[in-house]
Structures are given as C-alpha cells and as structure tokens.
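These notes concern the structure reproduced below.
We just call them A, B, C, D, E and F in the order they show up, numbering each chain from 1.
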Amino acid sequence: MSWNSLSDFLAMGGRGFFVWGSYGAAFILIVAELWLLRVRRRQSLQRLYQLQQIEKD
Amino acid sequence: MNIFLAVLRRDLLLAWRGRSDLLVALAFFLIVASLFPFGVGADPVQLRAIGPGVVWVAALLASLLALPRLFAQDHDSGVLEQLLLSPEPAVIWVSAKILAHWIATGLPLVLIAPLLGLMYRLEPGATQVLIASLALGTPILSLIGAIGAALTLGLRGAGSLLALLVLPLFVPVLVFGAGAVDAWAGGMSIAPHLSLLGGGSLAALALAPFACAAALRLACE
Amino acid sequence: MNIFRFSSPQTFYPLAGKLIPVFGTLAVLCTIIGLYLGFFVAPTDAVQGEVYRIIYLHVAAAWMSMFIYLVMAFWSAIGLGLGTRLSFYMTQALAPTGALFCFIALWSGALWGRPTWGAYWVWDARLTSQLLLLFLYFGFIALTRSIEDPRRADKAGAIIALVGAVNVPIIHFSVKWWSTLHQGASVSMTKSSMESSMLWGMLIMAFAAWFYSLAVTLARARCIILERERHTDWAAAEIAAKGAKA
Amino acid sequence: MLEAHHLACQRGDRLLFHRLALAVKPGELLRIAGANGMGKTSLLRLLAGLSSPAAGSVSWHGDYIQHQRESFHAAMLYLGHAPALNDLLTPAENLRFACAVAATPASPATCSEALTRIGLQRQLPLPCKVLSQGQRRRVGLARLFLETQRPLWILDEPFTALDAAAVSDLAATLDAHCASGGAVIFTSHQDVALRTPERLLDVEAFAK
Amino acid sequence: MNIFLAVLRRDLLLAWRGRSDLLVALAFFLIVASLFPFGVGADPVQLRAIGPGVVWVAALLASLLALPRLFAQDHDSGVLEQLLLSPEPAVIWVSAKILAHWIATGLPLVLIAPLLGLMYRLEPGATQVLIASLALGTPILSLIGAIGAALTLGLRGAGSLLALLVLPLFVPVLVFGAGAVDAWAGGMSIAPHLSLLGGGSLAALALAPFACAAALRLACE
Amino acid sequence: MLEAHHLACQRGDRLLFHRLALAVKPGELLRIAGANGMGKTSLLRLLAGLSSPAAGSVSWHGDYIQHQRESFHAAMLYLGHAPALNDLLTPAENLRFACAVAATPASPATCSEALTRIGLQRQLPLPCKVLSQGQRRRVGLARLFLETQRPLWILDEPFTALDAAAVSDLAATLDAHCASGGAVIFTSHQDVALRTPERLLDVEAFAK
C-alpha cells in the first residue's frame, strides 16, 4: 500500500487533478448514461402506452 | 417590430431544427481548421505560426458556405414572396434574417475559437485577440454576404457567382482579423485593427439591409 | 414470412432482461477488484509517478471503443445480409456506449498527456485515429437519429458502419505513417516492463468495461425492441403491462 | 377597389398580353381564365405588386399601388401556387409565421383551430415535409380563415390538389368572403360551383 | 450502357449549363488556396512548406462542398425516382453520376493545380507529384463522398451530417496526398503513397457504386 | 396483370391502410379515390415498387415484383406528381433523358414531335424553369405519347394544373391506351369524362 493518508491518496503525488479529472469525468459520464437509459425506458414506455391507448379508440 | 421578432424566432428555430446552417457552418469551420494539421504536418511551431490565419480563413469559408442558403429555401417555397407582401418595411425582416444568420453561423465560430486556439497551441493572449477579432469581423461577413446572396438569388451558378462577388469585400476583413493576432504576437497595438473591424461592422449594419432588401425585390420580380 | 425474423426479438427481449443484472453485477465486481489492484496494490511507476494510474481507465476505455465498433460492423453485416431486424437494433444499441468509451479514452488520454508530454493534445497517430473514431461514432449516431423512417435508418446506419469499419484500419495506418513521417520523437511512451499487479488491474478493468457495455447495450436494445415491435402482440402486451405503471 | 389599366406583361421575348384592363368592386368574384401558359399567374403577380408591368398601371382605391405599398399590402392577401411552407416546421408554426409576416398576428391556439377546421387536426405535430400534396395546400389555405377582414384576396389555382370536400369547403369560404363585401380574384382550370356570380376575364383575349 | 452515357451526358451538360458544381467547386478551390497567403502572411519559405497541404485541404473542401448537390436536385424534382424505375441496374447510372461529378469537380482541380504550384512557389517536381496525387486521390473523394451524399439525401441538416460522415473517411486520402509531396521534398520514394492512393481509388470504384445505389433506394422509399 | 394482396402501408406512427387488395387486367382503367392524405400516392408508390409495403405483396403476371424488378420496370410507366424535370434543361432535353433512363431511347426529333403534339411548340427552346405550371406538367405527360407500348401506366394526379383542352386530350390518350390493351391506374380529385368504364378503388375503405 503506497498511501499514508487520505489526502496523500487524493493528491496522487501532486497529479490529483489529472487522475481524478479522468476518473471523475468517466464516472459522471457513466452515471449520466445509466440515468439517460432509465429516462429513455420510462419515456418510451409512457409514449408507447399513450399511443396504444389512442389507437384503441 | 413584431415581424422582426417573428422572422428572428422562426429562422433560429429552423437553424436549430434543421441544425442545417448552424451545424454546417460550425462543422465546416471545425473541419477546415482541424484538417490543416493533416495537410501541412503536425509540427507544433509551424502550426502555431499559421494558426490564426487558418482560423480566419476557416471562418470566412464557413460564412461563405452558409450564404447561398440564406434566402434560397424561402425563395423556392414562396415564403419570400409573402415576406415581400408584408405591410412592414422590408429592411426590418431583412435585418432579422441577417441577425438570425449571424447568430446561427457567426456566433458559434466566435464561441468555439478557444478550442481551436488550444488545438493550434496559441498563447492565451493570442486566443483572446483572435476571439475579439472574430466577434467584430464576422458580422461584416454576414451583412455583406447577405447582399451577395440576395443579388445572386435564383441565378444559374449562384454559388460561384456569390463567391466571386463577395470575396473581394471579405478579404480586407480577413487581413485585419488575422492581422490583429499577428500584431499582438509582434508586440504591436491591436487597437487599429480592432477598431477598423468594429467600424466596418457598424457601417455595414447601417447600409447592408437596405441594399439587401432592394436586391430581394428584384430577385422576386 | 420467416419465423426466425419474428421470433428473435420476442425471445431476445426477456432473455436480455434476465442477463442485464448478471452483467451489471459482474461489471461492478470487476471495477472494484480492478481499481483496488490498481490503486492499492500496484506500485508507483518509476518514471511517471502516480499519474500513470490513469492507465486502468484509459486502456480499458480505448480497447472497448475499438472493439465496440467492430461488433457494430459485425451486426451490420449480418443485418444487411440476412435481413434480421435484431442485428440492426443491436448495432444502434451499441453505438452510444462505444462513443462514450471513445470519449473517455480521449479525455483521460488528454489529461494524461499534459503531465507526461506537456500538452493536452498533440497530432500523434494514435490520438488522431481515436479522434476520427469518435467522429465515426458521431456520424453513425447522427445519421440514424436524423432519419425518421426506422427501416431506412436501420439500413443506412448499417451501410455507414460497414464503410467506416473498412476504413478504421486504413485510418489507423495512414495516420501512423503520417506522423512518423513528419514528426520527431516529441512523443514517445515509456515502455517499462509492467508489474503483474498493474497488468492484472488493467485486464480486470477491461473486463469491467466489457460487462458494463453488455449490460447497457442489452438494456438499450430492449427499449429499441419495444419501440419498433410495438405492433406485435407480445410487445403490445408488454407495453400494456409496463406502460400503465410508467 | 382594384383597377388595372392598359396592362402589358412581357416574359423573355414573348409579350403575354397587352392592353389588359380590369376593375374589381367589393363583393365581386373575378375569375381569370386562359389556357396553360397564357399569363394568368403573371397577371396575378402584377396585380399583387410582386412584379411590375411592362406597360400600364394598377391602382387601389384610385391611387397607384406602388405609391401606397404598405396600405395596399395590408389590405390584400395573395396566395401563389407554391404553398409558402417550410418543410421542417409544423403546419401551425408555418401558419403562425405567415400571419405574423402579414402583420395580422395569430395565437398558436387560433392557428391550430384554423388548421383543425381545414381538416388537419391529425397532422398538427408533423413537419410539413411528410404531408400529402393536398394537405400542404390546405395549410396554405388555412390562412383564409384568419384573414377574413382583408378586403381583397388574390388566389392562384386555390382548388388544385384538393379533394371534393375541401373544394366545396373552399368555395363556401370564397362565397362568404364576397357576401361580406370582400373581393376575390382567382384562377382555376376546374369548374367549381360558387354561389356568387363569377365574372370571367380571359387573358387570351388580350394576347397579341 | 446506353443509360450510362445518357446520364453522363446530361450531368455534364447540366454542370456546363449552370448550377455548376463545376464552377462552385473550382471557385472554392481557388478561393481557399489563394486566401491563405492573406491569412498566414506572405513569407515564401512558410508558404512553400504549407503549399501542398493547403492545396490538398482545398481540394478536399471543394469536393465536400459539391457533394450535397450530387443527388439533391434530382431527388427533389422526381428524376431520381425515374432513375430508380429504370429497367437497368442502378449501379450503372450511379457510376455515371459519380463519374460526371468527378469530371465536373475533381478534374478541374487536377488541371488547375499547376497554377497553385506557381502561387505557392513549389518546385516543378513537387508540382508534378501534387498533380499525380490529386489525379489519383480525388476519385476516392467523389466515390466515398457519393455514399455519404446518398445516405443523407433529404434529411434535416444533410450538409453537416454529410461532412461528419465522410470526413473521417477522407482524412487518409488527405494524409497520403499531401504526404506524397512531402516525401518527394524529403527525397524519399513517392511510390508507396501514390500506389496506396491508386489502390484506394480502384477499391472505392469497385465497392462504392453498390453502397451508393443501395443508399439511394433507401432514400426514395 | 398487376395484383396486390393484403397490402399495408405505414407512415411514421400512422397506419394509412391495411388489407388492401387489387387486381388490374389489360384494358382496365382503375381510379384510386380517397380524400387528401388517405394514402393514394403512397399506394401508387408501393405498386410501382418505389417503396416496400409494411405487409403484403405486389405481383406482376403472377410473380412478386421484387423478384423481377427489371422486367416489371420495363413494362411499367410511373409518373408521380412532381414532373421530374430539370429546370435548366429544355423540354426536349428533359424528355429525351427520361426516355433514355426508361430504356426506350427516343431521337430528338421524336421528342420535339411529342412536345409539339402536347402544345409546347413555342416553348421548345426555353429552359423548363420559366414554363408555367401547366406547361411543366405537360412536359412530363409528353412521355405518354412515346411509351404507348408499355402495358401498365401508373399516374399520380395526371390532370392537375392542366387546362380544359389538355385534360380532354389526356383523357383521350388514356382511353386509347386502354383500348389497345394497356392498363392504367391513376388518381384524380377532378371528375374527368373518360370513355373507358372506370373502376374505382377507395383507399379509405381500407383505413384502420
């Protein structure tokens, strides 16, 4: 284990910005993708359901 | 005034919905600018030297490219006739169309310029001057370009004719625009360049819509 | 009418539904193990220091972005050859995830480049071809999105995916050749023999990315299937059941 | 209200008509007749002030239209044979824009209503690009419902591409406009039953 | 074969008569190439260094610019439908259209290149290599570009979409094309570059018309 | 000769018609009726093989048209509502190109003759751009004179924009084609007097 403390870990040998910048962006993007996927599923179910109701009449 | 807003809204909506002019100009700008390294090689020193020139040429081409479509679609579909039949003076909606065109094609260039600065590794100061010169210069391109677009509307070979007509008028803008960055890099004052661009913008703003409106009436005869 | 054509999405839909949680769990597990190995077991790099730890993200994302494009081309060829709709759905479901990984690779590479090469961006072969790959992804997505008729979108997307796939190796080699022709040694990577914990960390992260892509793609494919098959009886039943709650 | 004297129209080498005179009074329905290519469309464009005649003049309430462009255009509605639609906008967006341009602003609700009345309720959310030929024409014609207060309508082949129901609907609209003191100048190759007695002007009579 | 000639004749006639892709592309090419000295300054050494790259970028842009109109007009006027209803296989007339397009947009670039070589003060040998690379490379641009044009036919924002689609595919051509001149200047063999361009042309010639025909059928569905 | 079974056509979210069946025999004149936007044009395009149906099939002399595209297209003539003209070419150039494309080459003289017969002798040297609406339609229709040997004609609103003389002329041409054993499928919102008894197919009957 090469880390002595949390702040040491976060500093990444003075390159924290670059390391956490990459991982952070990746994390945000992946969360965003998952969230958009959820939204898409919900919205398309809603839309399709409405269309189905309309077509029934 | 109502018609000004209506035309502005619709043209922006169309630019957004078709993403046509908006993205064409922007995409073209980015493409031209980012193709250069492939063509001339990736040597950073050389890239930095030609950077501002490339960005300005790209901006000019992007404006030129978007111009033929400024009135063409409305002309073909009959919308232009309806606009000419409006009781409001034609300068009003002509100005709105030009403004919308600038917002959709000129403004994105200004906003994306910092990215190109990074790509060509310009210094931050040079990038700022570049942005300022684009912000002051691109309105002239749209305004003068609109006259050309109106004059060549519906003609054979409108595209090349338009290019021929407006190019001589665009070159000074290019020279001052790219010159501003060079002046900054050479440690000289950039005020003359920028104030010429600004003055040109104002003059074009005052005159171009009238010329453009007259040309459009002719085109619809 | 081909039975195979119709039955496929129908059987695939519930199967995908069952597989998603499995792959999702595997992705989370692999990420945890991989990052643990990478951040807590693997030593500091002798040359680069700590910043090299971007590698666990960067390489996995870069590999995945290239792999996904190949898979898309594969499904496109199947779709155009056999006319199976499911392959088109898969192609379209894969694209956003591929673009995402492509972007992550570019982003992490750029952030890695600054401390190691002194610039966020250089016109190097690998970087450039990765950028062009991102454009290929964007092109595919933009094309399929802007075509309203779904049948046309399917086939047009398949055509461009295949044309792009033919070009990926060409792009790679041309750009490689180009930059080695022009450019001195301004870019060179420190190739030290890799510690096994680093290697394992990297590989396990690659698997994490793979499982993640599988899970997300299947979920997206399920949405597409429902939208496109809504006139079939089974999909209508599914929509009636789930839609009321949504 | 609208009068033309001694009009001539030249296209390229060809003199389409000359010495053409006409006058329209409130409540009148004037149909311009003539075979294909005899200059009906060209005449309507002259009357609307979209092009200027080779000779002669058009006057509105006694004054030349080019001297009072704004008030003339505020009182006149011209629909050419192209329906003046943008393909990317929905029918309501197109209609609303057309009204704003003509300086008779209409709310989105009014526009949707006019479109519903002309039979496009199901097409409201679609871009005009996917509409059928007849539906596209209808979008253009929906303006007639919103501009009833304009005294003069100039319509170029308004009945083209419309189905029978739409044709009789439009005919009723024209009749109503004339009944309320408006005037209509139009062209049509189809014979349409109108209640208002229609006055005929044959451009061929003025051909050289 | 008859239809091949008929389509070729008509498209060349059209290019000649007006709405000239011919002139637009050529004008654009000249404009881009001649604007650069204004943008980047007139230093002869620098100009010579970037010359081949600029010419190739200009050629690429000129091709890109002319592409959207390759099928658009025929699509709007219904001619494309009639072509698809022809009893002859679609590849035949698709090839004719692409050939006509290349003759009208690619060939003039090749022919005018010596002039640009003079403008950028390239050595005669370099100019010859440039011409050879353009002659071998521009057909690829037309062929691949035609696929993009067919795929984006009639879509919203077709222009920018097309640029986005074909750009990554054009880059290798640009790299090898401009690279050939650099290789010559650097005293290296130009055979690999040129043979890659030639091979690419042949491969594109064999495959692109099929993809293009399929895409056109889709576009007219 | 042409048969369709169980055809369905979907546009966007909307199912225009389904379970549509039709059959055309030599000498028959089939008119597709229906209000604006009910799917007449869409049906004709399906029959011509320009688009493929959401369900069902079209066959020509007993075999699916997609299995014999070339021979079907050699036997069929389709004219859509856009006249398929290039604005910069003259009528004769356009006509000649259209014939070459359809693999029935025509000499310039034959083309000029057909155009003269349809009343465009004065417009021969003009670019199609300056023609009037009706004249543009006529250029498209001139092909009918040159393709009498094709057994099947599919015409979308052929009578639009034509003047009365041209309408009766075209009607006579259709009658002659049927009399000589050809078949015609067409749409029209105008009632036109044809000698051949016309069979009617209403697409609305197959709407959902």
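Definition applied: contacts are C-beta pairs under 8 Å (C-beta built on N, C-alpha and C of every residue); 3 or more make two chains touch, one makes a residue touch a chain.
Model, not experiment: these values are computed from the prediction.
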Least step count from chain D to chain E, where 1 means the two chains touch: 2
Proportion of interface numbers common to chain B and chain E (over half same, under half different): same
Greatest separation from chain F - chain, by CA centre: A
Intercentroid distance (Cα basis), chain F paired with chain D, Å: 29
Between chain E and chain B, distance of the C-alpha-averaged centres to the nearest whole Å: 25
For chain E paired with chain F, centre-to-centre distance based on mean C-alpha positions, whole Å: 37
Distance from the mean Cα position of chain F to that of chain B, given in whole angstrom: 45
Residue list for chain D, restricted to those that touch at least two other chains: 88, 130
Touching two or more other chains - residue numbers and ranges from chain C: 148-149, 178, 182
For chain E, residues that touch 2 or more chains besides their own: 17-19, 156-157, 164, 167, 171, 175, 182, 221
For the chain C and chain B complex, residues of the former touching the latter: 119-124, 128, 178-179, 182-183, 186
Contact footprint of chain D on chain B as seen in their complex: 2-3, 6-7, 10, 13-14, 17-18, 73-74, 76-79, 81-89, 93, 220-221
Chain E residues touching chain B - in the complex, by the definition given at the top: 17-20, 23-24, 26-28, 31-32, 35-36, 38-41, 46, 49-50, 52-54, 56-57, 60-61, 64-65, 156-160, 163-164, 167, 171, 174-175, 178, 182
Parts of chain C lying in touch with chain E, wherever the complex brings them together: 132-133, 135-136, 138-139, 142-143, 146-147, 149, 151-152, 155-156, 159-160, 162-164, 167, 170-171, 174-175, 177-178, 181-182
Residues of chain C touching chain A in the complex: 39-41, 43-44, 49-51, 53-54, 57-58, 61, 96-97, 100, 103-104, 107-108, 111-112, 114-115, 212, 216, 219-220, 222-223, 226-227, 230, 236, 239-240, 242-244, 246
